[in-house]
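I am attaching a structure below and will ask some questions about it afterwards.
Chain naming follows the written order as A, B, C and D, and within any one chain the residues start at number 1.
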């Protein structure tokens, strides 16, 4: 695995935990953790349960005892690592967004397709898909319970940058992160909307906004950030703080998307609402164990949004965990991701979301930026 | 009508409004308002739309232009007024609780039965029944959607006495009100539970508690109170501040009841939850336009409590008001009460809740007090 | 009053009820109801409590016993009636949207300004402002509790057209209604957003969509519609079924708006969420007695969205109604509108929303249509 | 560890995970798993990550490489194992309820006190305390944010026995489980209520009920059960299906408790609401990452129950996990339990809940049964 910050800890937990609750066809071993700072990576490996460490990710690619490389670094390094790994015959799990540009993403998708022919597979880490409530949402759409989809409204609301004094982080530096709220969290909404509806976005009209242009460089951030420099001075925010866009989907549905880290009071409110001709769905990650479902075929007298507690044995993934009603947490989506990835590798098939699917998201991100920079004019994806 | 405080204003509104939205077989006229203070009752009559006033309720009983007497006074006067009215051939609508003792209530029920033989009818004002969501709840139970009822949990939570300095009111004086939270709001829960389930309470075990024993006499209270005296000094609280009891219903269901005006933060949280073998219901008056319904016959994959927005044309009463989703308020229950009362009178049948039904509630209130005063020992109703 | 359908019944109720609960400086009388069908208007007048009727609105303008004309007709007639009334020295209350075009709205605003100089006043019926929770929202913004506003998200979701077989109505005929969801319900969101934030929309990028292009002409509609013709055949829907737009506000805030009558399961979900630098607000009309408020100055340990039950004596309007927790309904906003209008007339000042404010909304509606018809390109308002 | 069913899997997960996210003073190793069936226990040990197995728990007590024994068996074996372990100088973590009778619990508490003098410690597994929202609730009460507690209402609602055909399990066999809903889930409510308020229950009045007296013996149960025998025939349910009781606490507070596994639609609704003179709290495990807090010192204009998303770095335990808003699951309470137990052992102090605290809960369970069997008469604890 490359990277050992927030996402590194999360992925390690998933690799350790998956075989304890799911009957996996292959047995994952936490072989080598890579990071640039030898001391820090050693400490992280001990804490997270990795057997060995390297200070250059290239060593992972060369080692025979590594079968899969899990990429948990900022987006600017994804393409180089992923392509090298795939070419060396290592399976790849790469954090989202796939890359910082469509060009990189296209090269990665090509590499993934080539590797797949040799039985080497790549997956992109849109983990929200594997929150049981969203997996169930997808299942209900597939079953036809929503009929034809007409409306999608997706909001991803956080507030950790609302304070103008929150320090600079790599997530606000375009050269590292590619974009701001758009790629960091909006990408999740795009993937989730396309995944749940089974429809692709065909065009967008967008508006990007930066509320705070300069932030202190020093200070330690708890949470999603991490300081960008030693101390003193300020850094330029070179990404969007908020992204808003309208979309059209294949098949006639329309959508509204919003991603921001300035929605004071919303901590991780990744909301998705879908209205079809026969039913509707609503989800908010702040109540991640619930899915709201409106069944339009129920007589008006008792029709209403049902709050499904998605923890029953029949629900996706949940039968392997606790009894009904004993909710899961954020990390379970990552564990399920590992389960499905290992299963796909054992089955010799490309896991989903593939790099091609992730490229599709990347094209939407790109169209959003194009539209925003041309007076919100319509952009085909 | 006798009485012109909070309930008087409410009833006046109901009488004025019912014929504007419902096609009534009889046309109610707001003839005479009675109250002891001539100036005050005159002012109230002007504001509330009454044509004439009297300073003694006995005059209403004697007047030929009065067909129905609506009693909105404290409980200690209900029996005398209602019985006199019924004997004089006036229909009666009497606020709840029916009386301050089982003895009075029994006399009232006898008077009502006698009057009914002469085509004169009496109704008790348990208005919550006519909140569309609770009327729908009853309908669903009647349709068998809940199967056999097993559990009832009823809470009536307010907080307007939570402040120990809130002034004394007649509602805290046992000689006026009969009891405290028990009769004032617990009576609503008892009626609603029996009405919705269609089952009668057969026995109880109870605990009553008074948190604040003495309150200032002066001061003006906005809301449910009203000062008890001019100023200075304190008054003794002679009723319960909170009532808790367990109950058994005919048919094997068990219930938990709680009524309090000390649940800080709960403004008018009249909650009722019923679990049956096939389904469950949950209601909270703070979201009075919604009913939660769990249909146990739905497969586990999509089963969940549905939030029914009880404003559809097919729902009880709501078709006479606004389009779906345009919610009703507290007063509509009173307007519906008037509608049903007028209809029953025109049909020549006893309206529900009859004085007999209200007597049944009174017997439960009595059993609760008996149990509470005998170490919570079981009391048959 | 001109018009006696849904809105006519509502306005009549408001005129009847306002003086019963509020101490008005003038006493409104329900003098004359106008409508084209003599029999129908007579019946409506009886039901709704009007003393006299006319079959031509022009008669109202001429009658000396009419001081104020309340316009509850479709939008295509607003300009003619309102201007005539104002010129004849009658105060005017005109339903929203103000008109079907900016040109008409401008003429109306001029007429209103001219009339105001003679002490004759005009108001536009954006009644949602007077839902106590939204009035409180405005108050909190004014008090600075939100700091600088950054985000507005406004959704107005209904579903009464979701069924493709729901019949044609004047609301789907552009010549009558001017636009579809945009003007019918989106206008409310625009007004509410500008009212609550105190900010004006400076530009928009929009997308309009029609899902169902043809509908049966016959049939009776309960609710917001009304059949458009006798029977047989279909009618062309010539308006938008859904409107989506991004907006920029003066002062740097950005907004997302969506209006649709195809959000299956959402009955009257008029939602508004505002995020500022110090606090946030969220409202959903389906829980119209509640306002969610996030106070960003509260320490993180206990910070959270508070559900304010907006029924306390200190809240806007509510002290004149029932005790705390005894919720209000949809119609109360209309009663409060009457109260404020009467007060403004008595005070000799222009009520709010004035025709100038309503013109401002009309300009936004226009810009939305312009943007939608030019590939979502940005339109200044 | 002894036992490897649902609770065994959960405890194993906690032991494996705690050192990965918390800086523990001692390093736990998963040494030996004990169970009667050699093959099954071997398989479980492999899945759950235990190094060795035994088929008799007594071997654990004798082994030198075991420092702590974690008891995850039915209640009838707790006393024997725990006492033997403590006498052998092994620390003990024992699942709740502590025992099946007050007598056993007293012996265990004595053993724990004796062991503590030798630096050997015992803890009882009331894991709900360590759900961050409930730990925060305790903290707020300790800080005086609620003032004097007046009301406690605790409900523990499940529905997995609602189906009369759900098979027999050891949890319905009094000789194994001691009691039914009362000890299984009611015990959690009792502990949580006493823990959060800091008050002890001084007396109770109770009602127990069994809805289904006979169940099929065969069949496999997903979830909390487990079949009791091979197949065919029925077994007698010898425990309560539901427990209801009123309580008085030291200091004048009163409480209502209900525990049932027949509340159709409620999956794991462990609810606790506390009202004090200054504030109120409400919790429902079905939204386990949220705590509702009403601050009575906030002016009425903005007072309301705040939904605290208990995932901030300043909240109990959560800073060691994910960024704010990325919720935790059921298992985290168990991981936190391990963290606190290990810390207490390292510090040489008795962890909480101690066996003495658990004995206190046991006395309440006993008083409930006594009251229920004597016509709900009051029982001092």
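By definition in this document, contacts are C-beta pairs under 8 Å (C-beta built on N, C-alpha and C of every residue); 3 or more make two chains touch, one makes a residue touch a chain.
From a predicted model like this one, the values you see are computed outputs, not experimental measurements.
Colleague: Under the touch criterion given at the top, what is the topological distance in steps from chain B to chain D?
Modeller: So the least number of steps between the two chains is 1.
Colleague: Which of the two pairs, A-B or A-C, is linked by more C-beta contacts?
Modeller: A-C
Colleague: Based on the averaged CA atom positions, which chain is farthest from chain B?
Modeller: Following the centroid criterion, the farthest chain would be A.
Colleague: With chain centres defined as C-alpha means, what is the inter-centre distance between chain B and chain C in Å?
Modeller: So the centre of chain B lies 35 Å away from the centre of chain C.
Colleague: Report the inter-centroid distance (CA atoms only) between chain A and chain B in whole Å.
Modeller: 53
Colleague: Take the average of all CA coordinates in chain A, do the same for chain C, and state the distance between these two points in whole angstrom.
Modeller: Each chain's C-alpha centroid was found; their separation is 40 Å.
Colleague: Out of chain D, which residues touch more than one other chain, so two or more?
Modeller: 266, 290, 303-305, 309, 312-313
Colleague: Hey, which residues of chain B end up touching chain C in the complex?
Modeller: 6, 9-10, 12-13, 16-17, 19-21, 47-49, 158, 160, 222-224, 266-269, 285-289, 309, 311-313, 319, 321-332
Colleague: For chain C, which residues are in contact with chain D within the complex?
Modeller: 136, 139-140, 145, 290-291, 293, 295, 298-309, 312-315
Colleague: Spell out the part of chain D that touches chain B in their complex, as residue ranges.
Modeller: Counting only chain D, the residues touching chain B are 150-151, 153, 155, 159, 162, 164, 205-207, 209, 211, 242, 244-246, 248, 252, 254, 256, 258, 260, 262-266, 273, 275-280, 294, 296, 303-305, 371, 375-378.
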